[in-house]
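Each of the next two complexes has subunit A plus one other chain: subunit B in the first, subunit C in the second.
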Partner chain A sequence: MARVKKSRVNRSAGGDISLLLVVLLFAFLMVIPMYYAIIQSLKPLDELWIFPPRFWVANPTFKNFQDLFQNLNDSWVPFSRYIFNTLFVSIVGTFGHVIIASMAAYSLSKKRFMGSNFVFSIIVLSLMFTTAVTGIPTFMVMKNMHFIDTYWSIILPAFSSSLGLYLMKQHMEAMVKDAIIEAAKIDGAGEMRIFWTIVMPMVKPAWLTLIVFSFQGLWNATGATYIYSEDLKSLNYAVSQIVSAGIARAGTAAASIVFMMILPIAVFVFSQSSIVETMSSAGIKE
Partner chain B sequence: MKFKLKRDRDQEPRRKLTKKEIATRIWNDRVAYLMVLPYFALFVCFTVIPVLISIFYSFTDFNMIQTPNFVWFENYTRLFLRDDIFLIAIRNTVILAGVTGPIGYLLCFFFAWALNEFTPKVRAVLTLMFYAPSISGNAFLVFTLLFSGDSYGFINAWLIKLGVINSPILWFQNTQYMMPLVIVVLLWTSLGTSFLNFIAGFQGVDRTYYEAAAVDGIRNRWQELWYVTLPLMKESLMFSAVMSITGAFSIGPTIDGLVGFPSTGYAVHTIMHHLNDYGGQRFEMGYASAIATLLFVLMVVCNKVIQKLIRKVGN
Partner chain C sequence: MADTTTKTALSDKEALNHSQTKKIRKNRGLDLTTRRNLMGYWFVLPFIIGLFFIYIPALVEAFRFSMSTIVMEEGTYRLESVGWALYHESLFVDPDFFRGIVESIGSMFLNVVIIIIYALIMATILNRNLAAKGFYRAILFLPVIVATGIVANAENFTITTSGVSDIESGSAAIAGGVFSEFDIELLLMSLNFNDTLTGIVVSAIGNLYSIVTCSGVQLIIFLAGLQSISPAIYESATVEGATWWESFWKITIPMISPLILVNAVYTIVDSFTQYGNQVMDGIYKLISAGDYAIASAQSFVYLAVVGVFIAIVVPIINKFVFYENK
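After this line comes the complex of A and B, so read on.
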């Protein structure tokens, strides 16, 4: 603490306070909509119909969440099925992405093989556009591979997300010293062994980051383009349907929004420091 | 000339390898190739091939049923000369991406810098508050509750109560309000990966630089930011710029969630929507591919130009 105090040169009390006020004001603005979603989701029916709507809740209840699960469980495709679909896709996709991207990142950062620079440069190029642009040809590719209307149409593209590979590669380059790998080689360890027992434990923050990013992406994926069977559709899709139902289900709609945001936020809270550490080596080198 | 000098200094003179030497090299690195292979195969399938297919079909009149004919640049000339909606889409994309991209980038930078002034615990809490909207997927849909078109929507109800309006406003169907509202929501979700990257970037700056700068006559935090911190953070600036630009162009789904597709009066119809319209609804694949190719080129060019500009920081 003392060190922090001492290093704070060029700071004035007035500046500190006004900066704090500006930041708090904006933080407040960022949180208001989420706060509104939470109080709406906790309002009992009679409070939802008070005019004008209140910005607090007098008798909080979990009725809306119960409705979300119970009433929708009676619908054609039960709500729990959407949850299962999204969880399955998120977990398998994330797991595969971390392993496949880490292996490739290790090879690209530590083995200077012929063509490695070329491979990496097209991956960096792919960071510069969204895959949404290529939705139609991707559909054709999927159709030829018979992945349409299966979980694989969401999972396989997630395996090859370029942001994950990029972050992992940069982090390995910064954190894993060549000398350690050389030493392991002299001791007789094979490439796969070096990768699993030496490199991967050293880049733990990076794979935690990949887990968080990949999970967020898949958790929020709609996948509506590649999947048309109702019982394979995602949670995000179901939630948008509920929200668009309008005022009759205002409470349930808010509950479903809250339900969607709990998990990504919780995951981020636990991994924040790892993500920041990974990001510190993410810069694009000239 | 410059290039030549650099090569002489950095590399041994390059000799053409014989086929046999290439084969041995590849064989020696076989494990490295095998480790990249699973990733790269999927990457080629779902990223490289689709881009190539898109470019190829953009020169044809492919419609999913008949064999495609080559029409060369007809799709492109039609886009610019005979498609009024496309011109609206360009205008909207320029406005939406041009406002939310740069402002989002500056917000990320400013708040990351401001948060760096606080103690680690306060910083962690504030980081979560700013970052949460961009990760919680559908959370932006809460704006459809706040700005709901009926009189029980929060904004409408209070405006009626206070006597500002007499009847509820259909916020997301009224062409007058759609654009500004969409911009607000997009900015609300814009503090994503770029923001985290800046947070890390500011933490990575060695504090001794600040002390040295104070001795050299830097007087306040603004001078410190401009003369000391910014030049040290070039790599973060570049990476965040890429993230912000890509984000600014992938706003389609958020807009769909707010105003539906197609939007009323094409008020927030972007190039991405135009692409979905022709590709996903009308199945004019050749034409849609031309739109996709243009959008692709636009994004990559934007990125390259911005990177050129950022390289100049501090020089």
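After this line comes the complex of A and C, so read on.
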């Protein structure tokens, strides 16, 4: 893939280094707040309040993390329950969203049927509307469908998030050639087979990216509007409650920021590292 | 015509031929391609169900809100229609709303251009064979992970617990949420950074920072696009003697242009609806004050503005987008 093209191109080590410097500069900007959060989460109480704030720790301690887990364990519902809730919602929601959005995208990008443009317009429209305002009406809809206080109130809206569909549609339009679908049809493949064994592998980078977005969103969804049973609430909700206790818990807050970021980052790194070569034009001779 | 054919076929006593002709006639106008296309409905069905059962009813109800006064009753509410009065009020009476829209449009243009160029350049660099590129990718995506995370939620907590909408839930969290300088301020404050220092840090890196942090999603979308381009194309270009610069403009840009469109739309919407946008702040304020009706009206006006921009920008960009199949 990209690597092949690089090695052929004449470029100097100097160019490489200057590019690296540009990336490092931006990466540095991104890292400062994160670095500060991590440092802060490792500071013991007396160091937290030193002025001016220090960018290093003299006596690193895991006390803040201990406090965080202590607080979570003391809660009414076992800590593991919150983790299960969030994991369940994130995994089911992400899985469903990727499949539903990809199927719809396949159909909207590769098929012409009556109303397809209309459906697509509504999808773009729904990208634009602020969710804050549809909050109350959405609550009513959820209530009428008896989804309130169930996992579905978070999972179902995530299924039909428009951004994912739009991303998949553009990707399929650009990367999947009609010729290869045509060839599969002639060889007798059914629609499902074409979708799963030809289209989806070709747009692997797209849905791996979608997994990141979706997981990221669901992992951080509190669902506080739709869920009031304590044992269905999300990890994020539980942690937010601890953090919102104010400055007395500054160290714990920093610890929870770090704690809540671990899994989304892991998912991101995993998905980016599994984007290997996708030979979108393999199998076609022109 | 077809009947004559059938008769000829009969006179030739080819029974098989007869039945085939009949079959073809039965499906006239519904050839194989059309039938294949009809399969499209099945694929798009789950999505449509979600759209029509959850999203559209909510949108319609919100529209009814915007045309009414909401009278709260025990356990429910009643709507008393007031027509377009609230729209009139937001557009011609409210001093901030219209000005806010104008300013949002200005900053939107700047955002779209700068963010897309920056994201494209960074994605191209990160797609090269740099040492530890996975590490840089993760770092440049960090802001997106932080933005919808615990910092944002701790701040929203007061809003959510007061019984108003949960801004961060579900699809909203996926579509929205980009780290702005407002977020870094929150982050520093929630970490007990000193006030004055926070001010200095925020204003110093604010401008650069907000652009870098707003482009995490776009960057990843571009990266996915770059990785889908077949290396064979570059290879043959190099064999023909194209330089890197030429391949960039003649291969990379056209191949990735559909995603430039996605990113433009995403950035426009994001720029209009992100936290810290004047109009959005106004709407959130109205919601927390309980003025849902006028908040809905303002949102619909705003939706129309964003919609007009999308309707103008998309066809223009689409003219330059290269689709391999067309």
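We take it that the second predicted complex is superposed on the first by the 220 of 286 C-alpha atoms of A that agree within 3 Å, B and C clash if a C-alpha of one lies under 4 Å from a C-alpha of the other, contacts with A are read in each partner's own complex, and residues count from 1 in each chain.
The rule is simple: contacts are C-beta pairs under 8 Å (C-beta built on N, C-alpha and C of every residue); 3 or more make two chains touch, one makes a residue touch a chain.
Note that the structure is predicted; figures quoted are calculated from it, not measured.
S.K.: Is A:206 touching anything from subunit B or subunit C once the two structures are fitted on A? First, second, both or neither.
M.R.: second
S.K.: Let me test your reading of the model: by the given contact rule, A:146 touches which partner, first (subunit B), second (subunit C), both or neither?
M.R.: In the superposed model, A:146 contacts neither subunit B nor subunit C.
S.K.: What is the contact status of A:171 with respect to subunit B (first) and subunit C (second): first, second, both, or neither?
M.R.: Second partner only.
S.K.: More residues of subunit A are touched by which chain, subunit B or subunit C?
M.R.: C
S.K.: Touch test for A:218: subunit B only (first), subunit C only (second), both, or neither?
M.R.: A:218 contacts subunit C only, not subunit B.
S.K.: When the two structures are overlaid on chain A, which partner does A:154 contact: first (subunit B), second (subunit C), both, or neither?
M.R.: second
S.K.: For A:108, decide between first (touching subunit B), second (touching subunit C), both and neither.
M.R.: both
S.K.: A:185 in the overlay: touching subunit B, subunit C, both, or neither? Say first, second, both or neither.
M.R.: Only subunit C; A:185 stays clear of subunit B.
S.K.: For subunit A, give the residues common to its interface with subunit B and its interface with subunit C.
M.R.: 4, 7, 9-11, 16, 19-20, 22-23, 26-27, 30-31, 33-34, 36-37, 40, 48-49, 51-53, 100-101, 103-104, 106-108, 111, 113, 116, 119, 122-123, 125-138, 140-141, 145, 156-157, 159-160, 162-163, 165, 191, 195, 213, 216, 220, 222, 225, 236, 239-240, 243-244, 247, 250, 253-254, 256-257, 260-261, 264-265, 268-269, 272-273, 275, 277-280, 282
S.K.: Show which residues of subunit A lie in contact with subunit B when the two form their complex.
M.R.: Going through subunit A, the ones touching subunit B are 4, 7, 9-12, 15-16, 19-20, 22-23, 26-27, 30-31, 33-34, 36-37, 40, 48-49, 51-53, 100-101, 103-104, 106-108, 111, 113-114, 116, 119, 122-123, 125-138, 140-141, 145, 156-157, 159-160, 162-163, 165, 190-192, 195, 213, 216, 219-220, 222, 225, 236, 239-240, 243-244, 246-247, 250, 253-254, 256-257, 260-261, 264-265, 268-269, 272-273, 275-280, 282-286.
S.K.: For a test of understanding, state which residues of subunit B touch subunit A in their complex under the given definition.
M.R.: Within the complex, subunit B contacts subunit A at residues 22, 25-26, 29, 31-33, 35-36, 38-40, 42-43, 45-51, 53-54, 57, 111, 114-115, 117-119, 124, 126-133, 135-146, 148, 150-152, 154, 157-158, 160-161, 188, 191, 193, 196-197, 199-201, 203-204, 207, 210-211, 213-214, 218-221, 223-224, 233-236, 238-239, 242-243, 245-246, 249-250, 252-253, 257, 272, 275-276, 279-280, 285, 288-289, 292, 295-296, 299-300, 303, 307, 311.
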